[in-house]
Amino acid sequence: MVQAINNAFDIKLAEDKTVVMFGEDVGVEGGVFRVTEGLQKKYGVQRVFDTPIAESAIVGTGLGMAMSGLRPVVELQFDGFTYPAFNQIISNVSRMHNRTRGRFKAPMVIRFPYGGAINAIEHHSESPEALYAHIPGIKVVVPSTPYDAKGLMISAIETDDPVIFMEPKRIYRAIKQEVPEEKFSIPIGKAKVLKEGTDVTVIAFGALIRECQKAIVMAEEAGISVELIDLRTIYPIDRETIVNSIKKTGRVVIVAEASESFSVGSELMAIANEEAFLSLEAPPKRVMGFDTIVPLAQGEPYYMVFPDRIFYEIEKTAKY
Amino acid sequence: MIFNDFNPLEDKTFRIIDNEGKVIDKARMPELDQETILNAYKSMLFARTADQMAVSYQRQGRMYTYPPILGQEAIQVAAGMIIREQDWLVPAFREMALMLAKGVSLKEIFLYYLGNEEGSNFAKANHVLPICVPIGSQYLHATGIGYSVKYQQKDEVVFPFIGDGGTSEGDFSEALNFAAVWEAPVVFTIQNNQYAISVPVKSQTRSINLAVKAVGFGMPGIKVDGNDFFAMYVAYKEALEHARAGKGPVLIEAYTYRKGAHTTSDDPSKYRTREEEKSWEKTDPLARLKKYMDSQGIVLENEEELIQSYKEEVDKQFLEAENFRPYDLEDVFNYMYVEMPDDLKRQKANYEQYLSWKEKRK
Amino acid sequence: MVQAINNAFDIKLAEDKTVVMFGEDVGVEGGVFRVTEGLQKKYGVQRVFDTPIAESAIVGTGLGMAMSGLRPVVELQFDGFTYPAFNQIISNVSRMHNRTRGRFKAPMVIRFPYGGAINAIEHHSESPEALYAHIPGIKVVVPSTPYDAKGLMISAIETDDPVIFMEPKRIYRAIKQEVPEEKFSIPIGKAKVLKEGTDVTVIAFGALIRECQKAIVMAEEAGISVELIDLRTIYPIDRETIVNSIKKTGRVVIVAEASESFSVGSELMAIANEEAFLSLEAPPKRVMGFDTIVPLAQGEPYYMVFPDRIFYEIEKTAKY
Amino acid sequence: MIFNDFNPLEDKTFRIIDNEGKVIDKARMPELDQETILNAYKSMLFARTADQMAVSYQRQGRMYTYPPILGQEAIQVAAGMIIREQDWLVPAFREMALMLAKGVSLKEIFLYYLGNEEGSNFAKANHVLPICVPIGSQYLHATGIGYSVKYQQKDEVVFPFIGDGGTSEGDFSEALNFAAVWEAPVVFTIQNNQYAISVPVKSQTRSINLAVKAVGFGMPGIKVDGNDFFAMYVAYKEALEHARAGKGPVLIEAYTYRKGAHTTSDDPSKYRTREEEKSWEKTDPLARLKKYMDSQGIVLENEEELIQSYKEEVDKQFLEAENFRPYDLEDVFNYMYVEMPDDLKRQKANYEQYLSWKEKRK
């Protein structure tokens, strides 16, 4: 996935001089995960560069650039370090277009690696998608494969709205997939049915798609037919795809890594109720993180959502 | 370069005329013809008229709130004469006179305080950001624009504004730091009007002045008498040249006094004395410039009539704002995204259903 | 309510020397809403004081104080100005106890006026409760009456966990109510059934309780018996009270002012499903703000939730 | 007062011994007896031994990550000698030697990097905060503690640490500002080790040095040779006195070099040259102190054996950390709140049900 995102950047930097890219260690170093590797060499220090350590400034100056003719793609080094920029995102980036009735646009991408299960120290394992999805005026995108990452990143850079782009760090290098070299894009705001099925709908995104796929193998062995939906975009959420599937299966299991309360899981359950109440044959179920801080490495095995636990909940829901 | 001559570390203040309008720094007095000076005074007078009327509209219950600029006119009119069409104005929320100079209409400003976002949709102003309420955050936008115009090799300079209180926000420091590192063409202004709502500047910081904060970021800083039109004019002129010459950002502390209330819902008598207010009276920027004009025989003819015509103009604009087309449901939804997402369409449609139910019930 | 909260402060400042109170304009001015009026005079500038304008610092230094023997009660001037402190709240305040396995506690109250319908300018009308409720390690409290405000504030100051205390600014002075002068407290984490009923459960909190009460009058006139629950605490949420009511009525309408997606409304719908699925006779319904910025004064009448609209949804739910 | 004598505006650096261990500022050389100096050296040696072993544990795959302090020992050992039991240490994340001095055990430090929160539950250290990963945020906690101890009239001083990169965060500036306004007893240290991961300090700021940032907040600042044990010792000694005397905060820039990698997952050869690394070799704090000791006839006997005994001690502590009781489900839930709320009890119970299902399936 690192490669695919890097390739998306390469394409956009090459074809559009207004694209610039910056953040902590993204230039010389090429990013702590090497996502921007080689780009400064190729496109120069004016277009791909390191900044001082100040996330509010990275996002705030990015907004200024976006309002004056550029398309900044800014990196925040980790999920846990996006919060110093929270004020700029919620108070400025997300509103500029609305506040000025469209006179100014804010075409910028705010990207960061997110999620746990990499044995990291504190503040390096967070899944803040619900916080960002609750903010009107931004789009929140999470890819689950290298192919999707490239196509969605190209769309994100080309969208005239600001986009939060969350990269599932634990599968940065885990999935090998052939990704076409040429430019292509995947629309923001559309979910994807990864697998059709009839008994239970499983909805997930990002790194947990893989875990779900493993759980689904177990479920199918147990005779349960599962439909798997990859959200791809958290907001604007693709109600149609979600609801069609739930109407078909009548049962839904939502899988994500963040704390479950006030989360994307909650919202999906709300949608299931609003749009498919009469089709529901079992209570929608979320399989998510606890309402705790993500523990350090030794505690992660409890907190993280593994295939076992997903299967356990799929089975319970199917049998309900 | 005045930036070298007035070291904020020694707490020097750049000043050209004294409170009596007498030129005390002849060498630095700008060469301005009589008409230009007269026009500057008129702009200050217009701003003051509009400002006072805004306060009274609010008192009449015709406007929700308003932050007066009373006493800060010289800074803004001087800046307005230097800032070019292509330059960027990044206001805080107390820059009415400067926004006018940049082509924002009074009608738009009023519309904003009448509670309509169209008041930030400036029809004729080029490169003017909307006011920014979250204190300090605008400084970062300015630095970003500074990077942007430099990258695009445009001859544009960025002029962000902030208050004395705003210098305490982390964003203030981050913006100065980034601008310095990027050598961005940004002229930062602090309108030090001595108060942040009720909090005096001495409770805001222990630095000897605010200009000195530039030192920590390796950029020039200068403290200027903000009620001295000529000093402000020269400061902005040199700052613009500095930035255009590719020498990076500068910081200007415009030392002034907020003669009015913080906003129309504030009562300064709770936190400052009449004596203090009076002691600042003699520094009033209009009075000082007027005294200078008097001494030079620059005559403002028919001042009463002029003010009367200003009042009529202001009132005309206010009425236009008051009679702006009614706010529509569309206006809530239309601008959240460049294209309205399905979720918003659904919410809007649901609301319309409710409205038609309500209609029927009547 | 201003009076009642001021009174709670007065009591705590008098009886506990470790209580200190600060923020922008809280000292000399007594707060822009006069909630801390007179307290600096009475308790001195060491205990009630003005700070420079820096919300991250207000919360961050507050945490330092809380870790070293004090009980700071800090004010953030408005809902929209809490975000510069977001990083301190989510990364530091909420975690210190867990990170140090209880070695340090963070007994502090972060209070701010929230909500709209006061014809304010931008950033003065927000309802960010979902953002804070999603953060593990803090408690989120919202009173709906002067009495509750006093009792909950006393609890908040006495709790050893950090508390976000949201004050419904539009009813700061709207409700006249006799509040006992002496000290009393109301437990955090417990909802209150304000009115019993059998057909529909309405769940709300803060300023919207009043709007719900008006809607309920309309509903009862239309022959619908409504049970009204005031959440009082958003997190930890009182599942028991909520669920008992939903089990009884089978129908639930959730009323709040924030944008509906990924909100407290979503969570309540999730809870209804998890705990009362078989009792549900109609889809749980949320009556909330749109997924837009709160509009300026002229647009607020569309955005804000008024009794009419609440009644409309109660009726639809009752008839479902 | 050294704070008056070494003006950061003139980019002066306070230094007592040169790279050859020769005393170049006799007047300011502290009076320390031989044993004290010997012990200081031993502490540095122990820290270096532990640091290098930590890196190798990580390389062996026995620890998840670790940020080496190699090259920064003098600062921390000197500070550790001044900071009293009742004083507060507010670390960033590269203060291992100083944490040891304050009573944190190596076992605890290792336990943290072995992925267990118990590693922040220091059993014997008084007034030591856990390491703080969100850069800059800890500076505010220190200022708050400063207010707190002053308010409570306690004889306690607060010692927060940050890196050169951290000075760019808004929290850094806000913390200095509040501390100055409150005249809080806080001794701020910047360990300027020239890099923030891959970013050199010259890309971090344009200020002539980092000590000068104090000026913008009206507090004393000083740049000290961080690899000169004696200079650091004197700087901390005077800073402590300054703070205890109620004179408010000070800022110390400890000018040093991160000889190792940023953390064990970093490769410095991507962003700096061997030449640069070599040029700093001659400033090594241990080597310098050793040369001084040699010149004074202060002899460290049986150095090899000593290091061997240190290694054994370190290994013993590491094994204790490795053999710490297994992490339990309780450990995830127990400390979120002072009392566990029902929601967490429910989630825990549900998880236990799942675990028993899993058990049965086996």
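Going in written order, the chains are labelled A, B, C and D, and every chain counts its residues from 1.
One rule holds for everything that comes next: a contact is a pair of C-beta atoms (placed from the backbone, for glycine too) under 8 Å apart; a residue touches a chain by one contact, two chains touch by 3 or more.
The shown structure was predicted, so the numbers you read here are calculated from the model rather than taken from an experiment.
Ranking every chain by how far its Cα centroid lies from the centroid of chain A, the top place goes to B. Separating the centre of chain A from that of chain B, both taken as means of CA atoms, is a distance of 40 Å.
If each chain is reduced to the centroid of its CA atoms, chain A and chain D end up 36 Å from each other. Averaging Cα coordinates per chain places chain B and chain D 44 Å apart.
Residue numbers of chain C whose C-beta contacts span two or more other chains: 52, 54, 56-57, 80, 83-84, 87, 91, 98-99, 122-123, 136-137, 235, 237, 261, 290-293. Residue positions of chain B touching 2 or more other chains, listed in rising order: 117, 134, 168-171, 174, 177, 181, 203-205, 336, 343-344.
Contacts between chains leave no pair untouched here, as each chain touches all the others.
Across the complex, chain D meets chain A through its residues 64-65, 112-117, 133-136, 165-166, 168-171, 196-199, 203-205, 270-271, 326-327, 329, 331-333, 336, 343-344, 347-348, 351, 354, 357-358.
By the touch criterion stated above, chain B contacts chain A in their complex at residues 88, 117-118, 120-122, 129-130, 132, 134, 137, 139-149, 151-152, 170-171, 174-175, 177-178, 181, 334-338, 341-344, 346. Here chain C touches chain D in the complex through residues 20, 46, 51-52, 54, 56-57, 59-70, 72, 87-88, 91-92, 97-105, 136-137, 139, 159-161, 189, 235-237, 239-240, going by the rule given at the top.
Note for the complex: chain A touches chain C at residues 56, 80, 83-84, 86-87, 90-91, 94-95, 98-99, 122-123, 130-131, 133-134, 136-137, 235, 237, 258-259, 261-267, 269-270, 272-274, 277, 280, 282-286, 290-293. Of all residues in chain B, those touching chain D in their complex are 9, 168-174, 177, 180-181, 203-208, 212-219.
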